[in-house]
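Take a look at the structures listed below.
The following pair of complexes shares a single chain, subunit A, combined with subunit B in the former and subunit C in the latter.
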Partner chain A sequence: MKTENQKAWFFVLPVLLLVAFNALIPMMTVVNYSVQETFGDNVFFWQGLDWFEQILRSDRFHAALGRQFLFTFLILVIEVPLGIAIALSMPRKGIWVPVCLVLMALPMLIPWNVVGAMWNIFTLPDIGLLGYFLNHVMGIDYDMTQDPLAAWITIVTMDVWHWTSLVVLLSYAGLVSIPDAYYQAAKIDGASNWAVFRFIQLPKMKTVLTIAILLRFMDSFNIYTEPFVMTGGGPGNSTTLLSIDLVKIALGQFDLGPAAAMSLIYFAITLLVSWLFYTLMTKDDLN
Partner chain B sequence: MAKITLSKLRHSYYPNPKSADDYALKEIDLDWTDGGAYALLGPSGCGKSTLLNIISGLLVPSEGRILFDGQDVTELPPDKRNIAQVFQFPVIYDTMTVYDNLAFPLRNRGRDEATVRERVTAIAEMLELSDLLDRKAAHLSPDNKQKISMGRGLVRQDVNVVMFDEPLTVIDPHLKWKLRSKLKELHQRVRATMIYVTHDQTEALTFADQVVVMQEGEVVQIGTPVELFDRPAHTFVGHFIGSPGMNILPAEVSDGVAHFAGQAIPLEGPITAVAGTRTEIGIRPEFVSLGQSGLPATVTKVSDVGRHTVVECEVAGSRVNAIVNGPGPNRGAMVFLDFRRDQTRLYADGWIASTAGESAT
Partner chain C sequence: MQKRTIVPIVYILFLMLPIYWLVAMSFKTTNEILAGFSLFPQTFTLENYQTIFTDPTWYWGYINSILYVTMNTVISVAVSLPAAYAFSRYRFLGDKQLFFWLLTNRMAPAAVFALPFFQLYSAVGLFDTHLAVALAHCLFNIPLAVWILEGFMRGIPKELDETAFVDGYSFPRFFATIFVPSIKAGVGVAAFFCFMFSWVEMLLAKTLTAVDAKPIAATMTKTASSAGYELGLLAAAGTLTIIPGAIVIWFVRNYIAKGFAMGRV
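So, the complex of A and B:
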């Protein structure tokens, strides 16, 4: 005979509290701000969906969103093929494996603002190693504080340097899990190197690559620290990505309502793209 | 299809092998005739996969040559040797359909689509894969996947040899039997030279016309399944083939007579010059009977395996198995063992040392 009681609730309480304080309450605070106007002193006025409408219609938001998509697109287009190529050329056996793995992991171990500061100094035209070399040895006019193109090249290069390793390590994990028999069978079947890549390596890497792309998408779409440290969004607004713009609105102008509405839209876009991508990539595996 | 000759083949995984123990394959000289069905049988680690990889070209031997129809292929890579190999675990191309999987080896060699279609449909029909041709290969059952692997091996008509590296390891027991007979049937239909590597004697004996038994990198005997069973050339073969294997009993030889447990044991025929120091008597359990006279023994274990009963006895510290029909004696019973004379052989240092005498039929 089982006696019914409500003790089980105590066991889920810790995780419930964690999720509440970690995600739900902060999120609902933002929702609260996004539909009201405040002038301080905890006095709020109901605004409805005005802020959302304002953000969605604003050119400033469109521009930042465009820059954000461009940035994410560029780094994905560079990092994914590059990461796969590096993973393919890494040794699968022998003493060089740990050396390569550690070298690959190094950039990811550096704190984000340090990466920003490093690249900032690295590219300074007068004292930075790269900046000085380009300007004074190669004779190329390169200054990311003046030239938007130089600023873009710098932040994209910085991100590639910082995060390609993630794609490399995940792809490599996929590659080493392929049994030797597959390569031997392909050899006997007369498959070309391209066919081996296309029909063996790429399919076996698909799952980890999906995760890698998803992580890189979310991370780059939410990127803040490095461009903030390096360019602060400039020159002009040329590298003002979504999160930088958001902070400017929220903390610079102290427009809490529009900033809250923008955060929610931002969040919805990230969620939507991630969901679409993941669903498309895994729909074959279901049946 | 081709005749395969292995000449003075040796292989070591060490760069500078010093003693004979450093060799995974000790000197091997073999001829495999065109269109034959061969099995390479031996326990794990005996060098059979090494030998297979040398024939397929995945491995270059340290010494010796491999000839296909008299032509030296020792240095050629696998794709230049025109061979096919089926691996232990099914290798399939996940993203392709079953049809594309089977067509892959042909398309890589630039065959036109009409030929591809004809060959693929023929092979699919032989392997009973016709209904699955349009399906993605990724979600099939292991036995169907292994059938695809086999199909890719058989789809090219001009291959010199098709090799199977323990292909039934991952298959469920009830499907093993089916696939095994399928393979035998396939061999009879396509008449390609086939080499089947396995550590399972049933698989080897059912598939092959000729079985090559290997132990520790050496070929110990080549023969038909019947020969291997009837007259093992080495105690290893006797012990490895058969269930249970041959009884190997320590013997002393004096004046041309073998003695075991203090009794003279009549052999099949005269003993050849005994050079070895270790002499043993070999007799299969099938030819040991329980009677009223003979070697006194104690029954230690009786197992009913369905068709017959295996009686395990102890004689002077040695274990002797006997196979009897019907119910066996009780455990602990005292019995007398009788060895059928024409099946009682002498081995010296492992190798057969008695000749079939007049008593043999």
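So, the complex of A and C:
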């Protein structure tokens, strides 16, 4: 089908150069820092793999990694089924479809710091819509700057608000590609709603769902701006996710060595888990 | 049927609530905001918007953001077109590895790159220029653009290329006048996603700029900290950042869902 042509390299060269410039040089800088110690003035000492050992053994890293996995787990468990459910209940055609799609996509197009600021304003205990409602109408004591649980619920809700639409749009794209004949055949066979979902809709959504889950994993695992603007990692360290902790170490304390080692471990974990997801979800296709 | 439509309606209401609150805040005076809770603006004011449109540090934030986002979209799509063509039409040494490597850059946490990017772009003398941010955002936008475009190009039969070459078209002429127009939906979708991810990314944009190319986010952060707590102004600035995205999404509304569906993992 595809023809062999080594000249195709000329077509990919501009992409290769641009991405390599942005990826390889900074990556080399990080690797460089990760094996050295500096006391300022650009004087560096060889440190070997000490930073890696220090990070891998540190309780602080374990705690941030644990929080990160918990956060990513929660949002995947909520956003994926919710997104599929919403996509299933959406009309397939009609004038409302584009309106629905545009309104649903809107949160994804808001700059991430604005998303954080918006949710701050929304949840202020006495003057925010949600904060006021919870505190003064429902009578629940809610203040995310004081209560770690409230902070967690808020950032998870924020992410569900921000990104569920991605799962909806992708699942919906998979659903509209199913020909009507499939449904008619299912009806003749007397298939239940569950059977239609399990044997017609879900298989058709598989490719797009793989993309959705991979994208949601990568982006939630790397999340920084929104929780940083909303909670700054607090109260205490309760919402200090990996990226927030990394920036604290690198730019706050200027511990470049440990920060670089942590960056590489962080990137390696993201790659590894993405690869695992990908392998698991595409396993059946290979057989 | 009626029961089912409840779900999307409730979901959209949930999505609109925080946005409504931001917009409502932007029409309130600072006094009214701090005085207490009100569902609608009591003393409707355009003062916050007036401040933004008359103060150069404010409106230049928007111009800067739009400039680097546009540059990034043009660069990303322009270089991704030939690359996606190569991936969709040819086998070449290391093609699969290269494709995967490109996608891994989509997985790199921006926080990892903040400091090295600052040093790299300072070293090449591009710090605090629009080009620096536009190039930096290529890191995650080019892989995405290649991925989406490749999906669309695979849907175009190879016979189109062959017929054109038999008819005596040169490659550049075929590519520009026949091939690219035939995947213009794909180009639209790729450009949309480049625009989107460059527009919403703020960590790198802030790190790579100081004064001349400062994005709107940096101006907002400054207001939040220096001028006390001007919530109304902050809300107005936030509201204005939603508009460009809303305009762009309206143009590609019929292709958004399709764009992702055609990509491959």
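The working rule: the second predicted complex is superposed on the first by the 270 of 287 C-alpha atoms of A that agree within 3 Å, B and C clash if a C-alpha of one lies under 4 Å from a C-alpha of the other, contacts with A are read in each partner's own complex, and residues count from 1 in each chain.
The working rule: a contact is a pair of C-beta atoms (placed from the backbone, for glycine too) under 8 Å apart; a residue touches a chain by one contact, two chains touch by 3 or more.
Here the structure is a predicted model, which is why all the values come from computation and not from measurement.
Trainee: In the overlay, answer first, second, both or neither for which of subunit B and subunit C A:L109 touches.
Mentor: In the superposition, A:L109 contacts subunit C only.
Trainee: When the two structures are laid over each other on chain A, which of subunit B and subunit C touches more residues of subunit A?
Mentor: The partner that reaches more residues of subunit A in the superposed model: C.
Trainee: Could you say whether A:A195 touches subunit B, subunit C, both of them, or neither, answering first, second, both or neither?
Mentor: first
Trainee: With both complexes overlaid on chain A, does A:L272 touch subunit B (first), subunit C (second), both or neither?
Mentor: Neither partner.
Trainee: Tell me the contact category for A:V77 with respect to subunit B and subunit C: first, second, both or neither.
Mentor: A:V77 sits against neither subunit B nor subunit C.
Trainee: For A:P203, is the partner it touches subunit B (first), subunit C (second), both, or none of the two (neither)?
Mentor: In the superposition, A:P203 contacts subunit B only.
Trainee: In the superposed arrangement, what residues of subunit A touch both subunit B and subunit C?
Mentor: none
Trainee: Contact residues on subunit A for subunit C in the complex?
Mentor: 1-9, 11-12, 14-16, 18-19, 21-23, 25-27, 29-30, 85-86, 89-91, 98, 100-114, 117-119, 121-122, 126-130, 132, 136, 161, 164-165, 168-170, 172-174, 176-177, 207-208, 210-211, 214, 218, 221-222, 224-225, 242-244, 246-247, 250-251, 256, 259, 263, 266-267, 270-271, 274, 278, 282
Trainee: Looking at the complex, which residues from subunit A come into contact with subunit B?
Mentor: Subunit A reaches subunit B through residues 179, 181-182, 184-185, 187-192, 195, 199-200, 203-204, 284, 287.
Trainee: Under the stated contact criterion, what part of subunit C meets subunit A in this complex?
Mentor: Counting only subunit C, the residues touching subunit A are 4-8, 11-12, 14-22, 25, 33-34, 36-37, 39, 75, 79-80, 82-83, 85-87, 89-93, 95, 98, 102, 104-117, 119-120, 135-136, 138-139, 142-143, 146, 158, 196, 199-203, 216-217, 220-221, 224, 231, 234-235, 237-238, 241-242, 245-246, 248-250, 253-254, 256-258, 260-261, 263-265.
Trainee: For the complex, which residues does subunit B have touching subunit A?
Mentor: So the residues of subunit B touching subunit A come out as 56, 58, 77-79, 83-85, 87-89, 91, 93-96, 104-105, 108-109, 136, 139, 149, 152.
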